[in-house]
Amino acid sequence: MEAKKVSSSFTIMNEIVLPNDTNIFGNLMGGRLMYWMDIAAAIAAGKHCNAPVMTASVDNISFKTPIKLGNVVHIEAQITRAFNTSMEVFLKVWGEDPLHQYRYESNEAYFTFVALDPNGKPRPVPAAVPESESEHKLYEGALRRRQLRLILAGKMKPDDASELKALFVKE
Amino acid sequence: MEAKKVSSSFTIMNEIVLPNDTNIFGNLMGGRLMYWMDIAAAIAAGKHCNAPVMTASVDNISFKTPIKLGNVVHIEAQITRAFNTSMEVFLKVWGEDPLHQYRYESNEAYFTFVALDPNGKPRPVPAAVPESESEHKLYEGALRRRQLRLILAGKMKPDDASELKALFVKE
Amino acid sequence: MEAKKVSSSFTIMNEIVLPNDTNIFGNLMGGRLMYWMDIAAAIAAGKHCNAPVMTASVDNISFKTPIKLGNVVHIEAQITRAFNTSMEVFLKVWGEDPLHQYRYESNEAYFTFVALDPNGKPRPVPAAVPESESEHKLYEGALRRRQLRLILAGKMKPDDASELKALFVKE
Amino acid sequence: MEAKKVSSSFTIMNEIVLPNDTNIFGNLMGGRLMYWMDIAAAIAAGKHCNAPVMTASVDNISFKTPIKLGNVVHIEAQITRAFNTSMEVFLKVWGEDPLHQYRYESNEAYFTFVALDPNGKPRPVPAAVPESESEHKLYEGALRRRQLRLILAGKMKPDDASELKALFVKE
Amino acid sequence: MEAKKVSSSFTIMNEIVLPNDTNIFGNLMGGRLMYWMDIAAAIAAGKHCNAPVMTASVDNISFKTPIKLGNVVHIEAQITRAFNTSMEVFLKVWGEDPLHQYRYESNEAYFTFVALDPNGKPRPVPAAVPESESEHKLYEGALRRRQLRLILAGKMKPDDASELKALFVKE
Amino acid sequence: MEAKKVSSSFTIMNEIVLPNDTNIFGNLMGGRLMYWMDIAAAIAAGKHCNAPVMTASVDNISFKTPIKLGNVVHIEAQITRAFNTSMEVFLKVWGEDPLHQYRYESNEAYFTFVALDPNGKPRPVPAAVPESESEHKLYEGALRRRQLRLILAGKMKPDDASELKALFVKE
């Protein structure tokens, strides 16, 4: 399987916030936004592995400025790194106010997807090749985030998470 | 009002075709696709005029290869030209088969939007400036398409449509 | 295959405009309306050919008075003419304000559908028989609209469109 | 307030059964059908009273042949009788199989709606005038159905329901 | 087939009333509520019979206080009794106003479901065992409601409905 | 403001997985599940603070066994602890296969919500009182999870996260 550039998975999604997507203050509900983010991330992951994909995990998301009714949700998704049968996708989400012509940050997130073979079982994915500086940074951070995920899912002990441990223990 | 580049309205939308979007052959229904195209075009038009917009007309759309269940709908929308209170948006729609990694043309279309003031009445929009060769071509064709729209809506007589008449009458 | 009256395909659809169907002025969005029109037209086409159908093209639509939140969308669809494997459907769309008890025109449109055999390939459809005067008029105009569709889709040269040419060239 | 013919409230609705409307056997779910019936009945009630309406009650519904995925749901709704501030709507629902060109009965139902004034309080509605024989029969049965509703809602004692009692007690 | 306690089918559903679920007064539409009730009742029936189920009938529903936009719909569903191939489900529906922290009754209803075998034909269901006093009362009333359903569906003559007749004829 | 038991916010939600909620293997999509989890968590948070709430953050979610088409999604949500203007909600999600009558774990998650005053600004919430052993455990872990959230959102330095540091540094 030939390695692929992370940039070839780049995916853009734009949506308008409609009444049913909002709470009583006219702010986009978090769950609706995560629904769209999952679709955008799944498209990016599918472009990388050319196989059906399934959401395996979602990292901590912190919602900043709420996105308003009638505004545009702009989502960008791209693979950061591929592991054996899974891919980490990095998402950036903005709100866009077309009337006042400005863009405000909503959140950044990491979703992990597993590639599936025709029987629905995990299958190997191509390696992911970062090129730009920011792609390299995301690529390198992927290992640390993966350790955190495994610890949080109870599949790794903190002691074994060397990358992560270094954040807390200065030697 | 300062003129704006047509390229600053460029909008990309990606969607996955889900079961409810398809007919019994698993092909995306035309009406569902036009729903998405209208959203994408409205976002592009809103970027240009920084005002709420309303769909005024949709030109002839011819659907080519049907987009399949589970495939990705990729829509690109951009202003071609601005008139007094309206903007023509050009859309290109592809289907993307992530498994076999190829992209197939679905259709090209022109939607026209009117910009609205806070009372919901038409308001002037900035002039649109084409830059690339293809943008210039779309810009120039906009007049001819507008004449056709006016004739089809019964607001112009074929005799008065000089641009369009030239297509049929070689002098 | 026995010919069928165009009137036997007559289909009525009524919907209430709900919040999620509207923009910030409480006007029905064009894309949502086209979604409903496509469903109504597909039902009419299916009645004529007794086969699954697929939207092939949509002619120029010009939206007049916007339909308001809470109002009723009233759609009437009927075959105008059948070609070899396709049917043209004529739609009339009104808004109805139940409170003030009046009806206002939204748009008229022509959708073309292809009939599909069990393998999803085009299959012949019965001939369509117009009866009333207005049905005859729609039947005769169908050829001209078809030529325009073929020209706009780049499948016919303006010179070959004899019906259409007559509109521009008085001899 | 001038009395109105029951026939002036006649409303037709057609929908295609899509995947999300069905259970795992591809049969339309009862709840989805009742959703559509409520919309159709509300449109009919609104036509009669020219006011916003609210569903007050739904009578016993018995679902016969299930409507299949891809088939058409055909709903007809019409006022049977008006009471002080409420209206009874009679609905007939068919499934239509476009491929085999036949229509099968799904159910008949009675919905009751209350007319609302601008403050959301019940307001008087015009009297309803039946004309045809079947309209007269529905009109006359409305009293009996109303007594049954009141008994079932615990607002009337069986002893006071003279119309209904006659069904059980032959004197 | 072993008998099962009615309480083992107990099902709770909570939903937030969103804009598209409401009419212009911000009240939950009856049809949308019945859609949710059907889902909740189907889950309860499925728990009892461990088979796919289909809505067979819905008894008279009388809607009391309307549920407001932004409020919570709280639905509780439980089997009352099983017949040969069908089950009666009792539902209680409240609205909950989280801001003022109170709960108001919307309606109580009875839905009947049929259990289906893998070919979509009715199949026997386990007997249902009531335990508490209220479960016993619901269990016993089920026969009477069933007679009323059969009469209303035209499948039983009032004279044969001994349970029901007793309500009207005191001997 | 009087403190409230965490158990008084307990919320149950049940949904059936419909076709449009699934990918091509008939597995519930992660984004759709998070949409439902957000609704359930928002209801629980609203019960605690009796105010409108907004999703502030979502902790790492790891999806285990995928939930199948036609199965039931069972979500339980309850407050673990209240901070100044925010509440942490703990969610447990199962899939339920009604046919084979077993329940399988999907995921556990922590959502954080902010309470809003009538102007949409954060407002204080009542303290949350744990009672059972498991509630106490969740209550105590809330501080540690909060530190992790602040670090991940770049608002706290790892060195200052005493609770969290203890996991990595045994002294």
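Chains here go by letter, A, B, C, D, E and F, matching the order in which they are written, and residues are numbered from 1 within each.
As a working rule, a contact is a pair of C-beta atoms (placed from the backbone, for glycine too) under 8 Å apart; a residue touches a chain by one contact, two chains touch by 3 or more.
Computed from a predicted structure; not experimentally measured.
Comparing the chain pairs C-E and B-C, the larger number of C-beta pairs in contact belongs to B-C. Between A-B and the choices A-C, E-F or A-E, the pair with more than half the same contact pairs by residue number is E-F.
Centre-to-centre spacing of chain D and chain E amounts to 20 Å, using the average Cα coordinate of each chain. Between the CA-based centres of chain B and chain E the separation comes to 49 Å, rounded to the whole angstrom. Here the spacing of chain C and chain D, counted between their Cα centres, is 30 Å.
Shared interface positions of chain A, defined as residues touching 2 or more other chains, are 19-20, 23-24, 39, 42, 52, 70. Inter-chain contacts occur between A-B, A-C, A-E, A-F, B-C, B-D, B-F, C-D, C-E, D-E, D-F, E-F. Residues of chain E touching chain A in their complex: 18-20, 69-70. Considering their complex, residues 11-16, 39-40, 42-43, 46-47, 50-52, 70, 72, 96, 98-101 of chain B touch chain A.
Within the complex, the chain D residues that touch chain E are 23-25, 27, 29-32, 34-39, 42, 52, 54-63, 66, 111, 116, 120, 148-149, 152-153, 158-159, 161, 164-165, 167-169. Only residues 19-20, 22-24 of chain F touch chain B when the two sit together in their complex.
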